[in-house]
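Two complexes, one shared chain (chain A), two partners (chain B, chain C).
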Partner chain A sequence: MTRLERLTIALLWVVGGFTFMVLYAPALIVILFSFFAMKNHQIDWSNFSLEWYGRLADNSQLLAALYNSIVVGICAVVSATIISLALAYYMKTGVRRGRAYVEFIIFLPFVLPAIITGISLLVAFREIGLERSLITVTIGHIVLILAVVYRMVTIRLDTLENSQIEASLDLGANGLETFLYVVLPQLRSALLTSSLLAFALSFDETLVTFFLVGGETTLPMRLWAMMRTGFTPEINALVSVVLCVTLLFAALGAMSLRESIERKP
Partner chain B sequence: MMTVVSAELADTSVGPPRWLASPGKIVVRLLVYGVPTVMILAPLMSFLAYSFLEQKDNIVTGHLTLANYAAFFQSGSYLYVFFGTVKLAFVVATVALFLGYIISYLIWRLEGSTRYLLLLLSALPLVMNYVVKIYAMRSILGFNGFLNSFLMASGIINAPSKLFIFNQTAVMLAMAVIYLPFGILPIFLALERIPQSLLSAAADLGAKPGQIFLTVILPLSLPGSIAGALFVMVIALGDYLTPQMVGGSEGFTFGRAIWSQFGMAFNWPFGAALAVVLLVTVIALIGLASLIARKARLG
Partner chain C sequence: MTAALSEEEVVRPNVIQLVGVTKSYRNLNVLKPVDLDIKDGEFLTILGPSGSGKTTILRMIGGFTPPTSGRILLRGADISQVPIFRRPFNTVFQDYALFPHMTVAKNVAYGLRIRRRPAEEIKTKVAAVLETVNLTDKAERYPSELSGGQRQRVALARAIVCEPQVILLDEPLAALDAELRRSMQEFLKDLQRRIRTTFVFITHDQEEAISMSDRIAVMDHGNLIQVGTPQEIYYKPRTEFVAKFFGENNLLPAQPDNNAANILESPLGKHSLPASAKGGGSFLLAIRPESFSIHDGSELRQGQSVCVGRLENVTFLGATTQLSLNVGKAQQTIKVRVPTGQSGNNLAFGDDVPLRWSEADVNVLPRG
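Coming up: the complex of A and B.
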């Protein structure tokens, strides 16, 4: 490398490093704020405390929203996984002329802006007279995460030899038994990864949920409402907790993803 | 690719022909094609239909009309907001392309575990809570925010500036930070697709690293990178919460205009028509992106 090239790369690292800093600045600043009190819009560095974390536990609205988010997430992930498994297995066991159609539809909510999906579901729910509630939120989340779960299941299913399924059928197992004892065990790590990822997406979902939420809210909705009505330091504490939990989930997902890559034949 | 025909043969070799399927199979087929249709396509269709409905005195009459679209195309303010938002999303996408390319290129040059770690670090902000990120951006950009304190402490400005909050610049900065990670991954993948043999060949033939970058790496990775940036533009176009949080009244965007029709203004048919305008724009962008990506793969 010439000196000029080395200099260019060094300069790029400076820009890259700065960009990384900017990417992480929001999270770091919030976490920092959560340990200190504010005085006249300035951080009071002398007062390190966990007070805001303590107050969180008393905020029953917040805890209810957290509980709702977890329930919605689990329901959405389980439903989306069942639908994806059924669809993917159906597509695997034969030449299906409708495959392109189904996959196109499933991927639509993933590609289109969330606001479009949100309005579509809102209009549809009103047409069939379904009141906005956590049920409509869950349906919205299923629609959104279906693409991710289906994709990951299909990728793993495609690496599966058809001969395994044929052998199982030849040896007298019916379709259901073949699926349960031959196919499903091999999908375990793919399902774990997709579930973690899908749950993280659902837990964070805001732009679609906004159109579908009724009286009971999920955590991002609650957070949004709290931020609109006024910034209290508790928000920083809560946000830090949420950040750590999602990062934990992401780390778990990344680990299981690596595992499933390494296990691939 | 392995063939799937044999499984189908095993499936149908016994029993009646395919079209005379058993009731069970009909039910399965209905479910397989029906569930995605009912859950995704039908709502999308009803939303499209809604944009052609007439609303009078806050009541949807059920008559078909083009008035909602006419209202958009004839109103200067909505058109102004629309083009302003397209411009905003374009700037955000350009920033994502530029900075995303630099980061992806640096990571791509690395080897071993540092490479994996930095790639993971650049994707990690994707799973940070979205509302949290906007909130944090507001506490950074705000009048009493981190950026102003920093600029004042370093002596660049004397008094807190209002340049960074509650205007279009604030929305642009916040979106650029929030949506940049969406750009990094596609750009990195575009770089990964360049065959190693081409780089070795260029080096063997005497090209210097700078020449290799300009004549091999950049032309081969740019189309995929632009496709990634267009994806960022699509996301930025539809965002309606970031502008609400950091944009104030000056940072009004098209997404907010749509949102307000479903909230306070309560004119769903008009809101649906605005959303269809957004949808058409987005489809055009996605079409452009896939065209560029396909051309890159063939060329």
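Coming up: the complex of A and C.
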């Protein structure tokens, strides 16, 4: 290794390290804050405690919002995945007219300003007399994340050679068996990855949710409301918990993605 | 030998019959009406250049593509409307189409598992078939861990384990290198003899077709041009395309004689016009280079003719030597292949070489 190369690598480390610091330092600070008491906007380092976590456990409003967010996320992801799978497989097995138009419509809410999507849905729901509730929120989230899930499913499905489906039919399997034994197993990691991503999108969605939320609220909306009345330290505890769980899921997703890449011929 | 073969052919029933089958996409006729009988237990090769419609025929038999018109019969019963998964055929795909998420054993077992065969039976059959294709030690590997030739054999094993009535092979050797190809050709032929199943084999490689097949169906531009044994296709071509498609051939222009309607005139001399080649206009004569021999002056047998050619070139090919000679008034060049010992070493360029051939080896073809 020449001196120049060594210098370049060192420089890259510095730049990379700085980037990571900018990205993750705020999160680390929040985690730190969650373990220490605050005095006059200063951390009291002498006072390590799990007090905020305890208070979080007692904050029923915050926990209810977290629970709502999780329920909405899971419902939206499951629905979007089923719709995407059915639609993508239908498009795959045969020449379908209007495929481009259908896909354009699916992607549209993802690129449209969220305010437009939100207002449109609000107007539509009011027209059909659907009260604002977690159900309307879930529908809004489905509309948004469908683009992501459908995209990821079709990308994986497109790499699946048609001859594999034909081979399965040729060996005596009907359409359903072919889907269950040949197509679905090969989509497993794509579905897992897209579900994680879509859940993350749903979990912190605020703009569209803002227009659709009813009496029961989601976590980001709750936090937003709390910010206005005053910041309480149990939010730090909550954010830390959410961050750790997210990291865990991200790691799982990365692992499953790597496994699927290695398996591919 | 020939008589025995044709007798056997009479006894063999048809397993598949294509009756007036066509395929068109919008206004494009991919396949003109095709009638083809596939006999039980034969190795039939459908041969043609790319775009000739050979794969379309295979896909229609397999059920992947519906015919635009015509019927496909399986032992007399129309199966044109039967879906892929109910047809008793199995296909070896050009890209093998192995399931990447299953081991070799699971791939092979797939057809039997779908048919809900008992686990014990699946196990025995898969083991037996893997033994047949020499892949017993690779049973627990994934397709991505195998070489091209091994994948090819897995695809074959997966097709034969279901004991189909016909095995359809869509250019299965196209992706293999030359040496592997040759050994797979022998393997396939040998396998077909052992399991006595009808093979319908697609290829664009003439040598492959000639060396492996019981019968060859030659296709071009969506037309089925000629069906016959490799010997018939090679020595008795019925069209110019077939005559040119297989190996070296001499194609000579021939005109009807002005005085006698049933006599043709060519650079080689006069020939009687066979009853099958009707119609006026000009014809082509096809005669193989090896059908000529150097005339040694001995007495001609019935149906043999002689002409003289001027030697232009001599090419040593090993066991045979190829001579290029100019014949007739138009100095038409013909190629003659003789055993190297027979050519003699005393031939010089410009020499007049007497050639002998049998009229039976001359094929009169319509020109065009």
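Heads up, the rule we're going with is that the second predicted complex is superposed on the first by the 237 of 265 C-alpha atoms of A that agree within 3 Å, B and C clash if a C-alpha of one lies under 4 Å from a C-alpha of the other, contacts with A are read in each partner's own complex, and residues count from 1 in each chain.
Please note the rule applied: a residue touches a chain if its C-beta (ideal position, glycine included) is under 8 Å from a C-beta of that chain, and two chains touch if they have at least 3 such contacts.
This structure is a prediction, so every number in the text was calculated from the model and none was measured.
Engineer: More chain A residues touched by chain B or by chain C?
Structural biologist: Partner touching more chain A residues in the overlay: B.
Engineer: Tell me the contact category for A:V182 with respect to chain B and chain C: first, second, both or neither.
Structural biologist: After superposition on chain A, A:V182 lies in contact with chain C alone.
Engineer: Should A:A86 be classified as contacting the first partner (chain B), the second (chain C), both, or neither?
Structural biologist: first
Engineer: Just to be sure I read the superposition right, which of the two partners does A:S34 touch: chain B = first, chain C = second, or both, or neither?
Structural biologist: neither
Engineer: Considering only the touch criterion stated at the top, classify A:E161 as touching first (chain B), second (chain C), both, or neither.
Structural biologist: both
Engineer: With the two complexes superposed on chain A, say which partner A:N174 touches: chain B (first), chain C (second), both, or neither.
Structural biologist: Second partner only, chain C.
Engineer: Which residues of chain A are in contact with chain B in one complex and with chain C in the other?
Structural biologist: 161, 166, 169-170
Engineer: Touching chain A in the complex: which residues of chain C?
Structural biologist: Residue positions touching the partner: 62-64, 83-86, 89-91, 93-95, 97-101, 110-111, 114-115, 142-144, 158, 162.
Engineer: Taking the touch rule as given, give the residues of chain A at its contact with chain C in the complex, in rising order.
Structural biologist: 161, 163-164, 166-174, 177, 181-182, 185-186, 263-265
Engineer: Hey, which residues of chain A end up touching chain B in the complex?
Structural biologist: Listed in rising order, the residues of chain A that touch chain B are 1-2, 4-5, 8-9, 12-13, 15-16, 19-20, 22-27, 29-30, 33, 41-42, 83, 86-87, 90, 92-95, 98, 101-102, 105-106, 108-109, 111-116, 119-124, 127, 139, 142-143, 146, 161-162, 165-166, 169-170, 200, 204, 206-207, 210-211, 220, 223-224, 227, 231, 235, 239, 242-243, 246-247, 249-250, 254.
Engineer: Considering the complex alone, what residue numbers of chain B touch chain A?
Structural biologist: Touching chain A from chain B are residues 2-8, 10-11, 28, 31-33, 35-37, 39-44, 46-47, 50, 99, 102-103, 105-106, 109, 120-122, 124-125, 127-133, 135-140, 144, 146, 149, 177, 180-181, 208-210, 234-235, 237-241, 245, 255, 258-259, 262, 268, 271-272, 275, 278-279, 282, 286.
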